[in-house]
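As written, the chains take the letters A, B, C and D, and residue 1 is the first residue of each chain.
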Amino acid sequence: MKYNNLGNSGILVSELSFGSWVTFGNTTDSTLAFDLMKKAYEGGINMFDNAEGYTAGSSETVMGDAVQQGIEEGVWERSDLVLTTKIFFGIKAGPNARGCSRKHIVEGTQAALKRMKLDYFDLVFCHRPDPRTPIEETVRAMNHIIDKGWAFYWGTSEWDATQITKACEVADRLGLIRPVMDQVQYNMFHRDKVERDYQPLYNDYGYGLTIWSPLASGILTGKYSGNNVPEGSRLAQEEYKWLKDSKFVKQADQITRTDNLKPIAEEIGCSLAQLAIAWCVANPKVSTTILGATSVKQLDQNLAALDYVEKLTPDVMTRIEEIIKSKPAVDEIYVQTTGLRSGPNY
Amino acid sequence: MKYNNLGNSGILVSELSFGSWVTFGNTTDSTLAFDLMKKAYEGGINMFDNAEGYTAGSSETVMGDAVQQGIEEGVWERSDLVLTTKIFFGIKAGPNARGCSRKHIVEGTQAALKRMKLDYFDLVFCHRPDPRTPIEETVRAMNHIIDKGWAFYWGTSEWDATQITKACEVADRLGLIRPVMDQVQYNMFHRDKVERDYQPLYNDYGYGLTIWSPLASGILTGKYSGNNVPEGSRLAQEEYKWLKDSKFVKQADQITRTDNLKPIAEEIGCSLAQLAIAWCVANPKVSTTILGATSVKQLDQNLAALDYVEKLTPDVMTRIEEIIKSKPAVDEIYVQTTGLRSGPNY
Amino acid sequence: MKYNNLGNSGILVSELSFGSWVTFGNTTDSTLAFDLMKKAYEGGINMFDNAEGYTAGSSETVMGDAVQQGIEEGVWERSDLVLTTKIFFGIKAGPNARGCSRKHIVEGTQAALKRMKLDYFDLVFCHRPDPRTPIEETVRAMNHIIDKGWAFYWGTSEWDATQITKACEVADRLGLIRPVMDQVQYNMFHRDKVERDYQPLYNDYGYGLTIWSPLASGILTGKYSGNNVPEGSRLAQEEYKWLKDSKFVKQADQITRTDNLKPIAEEIGCSLAQLAIAWCVANPKVSTTILGATSVKQLDQNLAALDYVEKLTPDVMTRIEEIIKSKPAVDEIYVQTTGLRSGPNY
Amino acid sequence: MKYNNLGNSGILVSELSFGSWVTFGNTTDSTLAFDLMKKAYEGGINMFDNAEGYTAGSSETVMGDAVQQGIEEGVWERSDLVLTTKIFFGIKAGPNARGCSRKHIVEGTQAALKRMKLDYFDLVFCHRPDPRTPIEETVRAMNHIIDKGWAFYWGTSEWDATQITKACEVADRLGLIRPVMDQVQYNMFHRDKVERDYQPLYNDYGYGLTIWSPLASGILTGKYSGNNVPEGSRLAQEEYKWLKDSKFVKQADQITRTDNLKPIAEEIGCSLAQLAIAWCVANPKVSTTILGATSVKQLDQNLAALDYVEKLTPDVMTRIEEIIKSKPAVDEIYVQTTGLRSGPNY
């Protein structure tokens, strides 16, 4: 396991990390939660990701219990862990119960600390952009969180490049701490933000990435091969019906393209899931790839994906591109305007 | 003719303006150039748009001559006019002959002033983003242009929202003058930047728009009806072969949709071109719509488009939307996150 | 009930809110106070307004008890509420017992938190301008309050436009948090500040308004019809003799004009009080209209005013203007200078 | 003649100054203009006031000729004089021909310098607020004027306190030069701005005043005694019909009150006009009182007003107040809130 700087910050995160999304407080009980986290930690993972919005706070409660158990059992100390939460979705209805206002950020973070029985998080993310709150208010509120000692670093999640640019520049103008990372969806079928939109963020701010859904909600595991949703998989659950109905999942050719990756996976000796995870890890802009897991065995298999990163040679990567056909087009206007053309028109 | 503030600035620009693109220094000789500008001015137009890149500087030479002729003949004074240029494309090859470096901005602006025989422009645009120049350098260089007295205001052209946000915020941090407007393509078939990407720019900076190609390179005039390129039209010229070959023009259904607009144009008593121009003018974010023209008659017809703006009632606008089917989709992530949903998941 | 952003901030306030002025700690006992607040909350109100100066702090004590009772009974959580106080008038005599000095703002806010048994307010207002304290001192002190975690946002109350402009600009210069709202008197007979003086504040700062006295101290309920002060009404109380003696109340034609509104109220099916409240709510600059109440029934009736906002069509509004004759005159100097006049003199 | 600092600046202006308004380029020919200015200069006046808007630029041309004549004849050197202009009204129609945009300020100042045959002004005023131009743009443009060497100081004219506050604060934020003075109407019947609205400007910025219309367009000379407009007076001219028709002039009781001042004027041995001028000079906030004149004799008489300033003892001033009844009311809210009252309510 390698440890990467989280963007332009001094904290080091393991290249794979462990997330509670979908599972904790839901299908995963406390015993399993601890077993999974212990397994992850022993495998070299130091970052454990959470959000107030996961199962309405239960996920944090479960993870908080597991963290305490690990401390009590001498598995880890608090300082060994990089613990995160993400504020935005709240845990109930109400006009100020969600969003990136100063009110919700402060109240939400305090409530999350209580649920997780912590004095502080390592990272707190603004889980979504909030078009109803001025970005300056959010920048100030996140700095307040840090000043209070409730977090060491702050970041964004699924903000667009313009919003992140604004947040960084506002912070610079006010002499405040910039956000240092986004938590963004990234996988073989979802690449535009990371590979196209965020380009200026890497150059200008050294922005870091903690990426989620490396398996594209399971599609890249190959389990939907032939378009049949297996009994018990996430897409079969009523609660995730929206995922199944979404345009995203419906694009059946993603499943076909996944099937077409099989020869490459076989060639380098890994599963499709391992190939998909290794492919994310191989992107040097990705600080950490967040894994979910519902069993220790599954986690073990996913951790083993690291063994295959070095097998993604330029040649293999080119063949993958030809199969997944998802490389974002570079904005034409750039091609037109940055080269030296013979005529002056556009 | 109404006069609008150019974004968050005190200068007033006519809602229609006159551009030299494609025509001046090319198919339009000096006599016609002056006749066109005089006609435009008498029709209430006060803004005349140019760029160093138009016909490699010849366009500026021709417009500069016409401006002088108007002064000498007492048609206008210099202060009556809002004269612009756009710096980026240069007039020749060479590594520093284009772009938004301090070197090219200063050298390019000085050369443009000389070609146009002016002491100063009213507006100078950075004609494209320059990914090879730090935006801070460009912001400083454009402020240098203004401090020298070579321009009153500066703007961007076809920059994306992230780049403009950065330019504005960098200016704020340094106490410099922000850009106040973009020159952006906008018409019934090209709406994403103006109607979607730039939304935060209107709220945060009062960004102004001078829009080009209201007729979609002629498609919206209806002259390509049936997909045949008429002899002598711009698309038939060898120099504009790239336009013809581009995906943009190839989308034959734009021509079909244009044909479908005919009943609406007939109903309100205008031509298709007038409908397309009036539709641009009706957008309150648009400070000025730039018209090109190759004859006084054509200019006259386009100026008359203003008579039909008030006929674009909400009902007519709705019917137009149903025909052109080009309204930008609002980013799904926003829809998901700003409403109050019962569950906390995303 | 709609929830509006409080000016240029991310917090959302209900379009109607509940204020303790005149009533709490005075004619309203603790039981009634809780009943009123519960009724208000169930009706959708989330903002509850207070001030140190209301009944010398007793109002805050009573409201604080009610807030706790609601938490204990599971009616609301602290984060569901937007709780405010206003600092200026103090609760006793003494040279530093009032005003907007750093000393009184800090001491006053701490005392108010104690009386209300809170860790923090959502909003703290400077209840009046303090000409004896430099505005920069007040801006810094209010930022101190926020940095300490004692408030999320700060505002002004009955400050004039010059003072608010200064506060915002001083905050900008120092990189501090601007005030975001004023608490200002606004009703059919008191409109100058909101509709004339504050205009630049909306444009420049997106300033928000929490307005008080929507019923003009009761005049707009029609209860003074015929100029007789009913037994038991606020104007009949000795303590509010100054209200009765004031020029404001003495203008008997306000009472007459109120009587003249009756046909409109009847036409749209509401009471005079409901008409007056709906009229305030209909102004889009008003973030929230603060209601007082002495009985649950009265509160119920006032909440129902929301049903009539949509009935205030442009036509009805015009007829109301003709009756109340209170529209502020636009400053002549502006009319003189912004049009294009043929001569250059003033 | 005393010389006062012009507000918080180092330049010294004579307590009386000479303005060209109404007269130069109109009823006053070049010979008379020079004679008047020479008389004024010999009487100790060093400041000569002008505006682009006075008689469409002719006033500047006439004054410029007189300044040159004085230099050629050895009456004064350029550096002996404080020469001003005011930019806003322009000299012709056209959307950008007036206002406080960067374009008009630069073009207008350059044109004024040319008309007056000067390299620089001492003072340039923004002759009116321009609600269509952001104040920051105007602050920057006026600093540009100073940086170019076209003016030493800049100021405002008839701006309200909020606008001046904003201009000063924006200048502070950007490290630019503040405006230092307003040119504001001030006389016994027009006092609100100077004595009420501008109070914070004196305290906060040491704002200076160059005041115009000390004689209230002639009313305070007593020449309208009995309400008859004398043949040949300004109010009898067609061009100033708007003055006659204005509410201001119509208030006949101003004429009555002027008549009632006669006993005081007689008592201290001066004319009514001299009393009115001396009364303005006596206000220590007034840096200079601008006099117009149509004859050398009239100017002589007005200069002599200085002899009576010291006779305006507190007792005389009190009696004047009782007659003119124009002292601005102090905002009630201030009286209510800044004193120590026994109860906490308002």
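What we mean here is this: a residue touches a chain if its C-beta (ideal position, glycine included) is under 8 Å from a C-beta of that chain, and two chains touch if they have at least 3 such contacts.
Since we're looking at a predicted model, the values are computed, not measured.
Colleague: Looking at CA centres, what chain is most distant from chain A?
Modeller: Measuring from the centre of chain A, the most distant chain centre belongs to D.
Colleague: What's the distance between the Cα centroids of chain B and chain C, rounded to whole Å?
Modeller: Their C-alpha centroids are separated by 46 Å.
Colleague: Quick one: chain A and chain D, Cα centre-to-centre, how many Å?
Modeller: 66
Colleague: From the C-alpha centre of chain A to that of chain B, how far is it in Å?
Modeller: 40
Colleague: Listing for chain B: what residues touch at least two other chains?
Modeller: Nothing qualifies.
Colleague: Run through the chains and report each pair that touches.
Modeller: Chain-chain contacts present: A-B, A-C, B-D, C-D.
Colleague: What part of chain A is in contact with chain B in the complex they form?
Modeller: 52-56, 88-91, 93-95, 98, 127-132, 158, 160-163, 165-166, 169-170, 172-173, 197, 200, 204, 239, 331, 333-334, 337-338, 340, 342-346
Colleague: Under the definition above, what is the set of chain C residues touching chain A in their complex?
Modeller: It comes out as residues 3, 5, 8-12, 14, 46, 78-80, 82, 122, 146-147, 149, 152-153, 175, 177.
Colleague: Can you tell me which positions in chain A touch chain C when the two form their complex?
Modeller: 94-97, 99-104, 106-107, 111, 130, 132-134, 137-138, 140, 144, 147-148, 173-175
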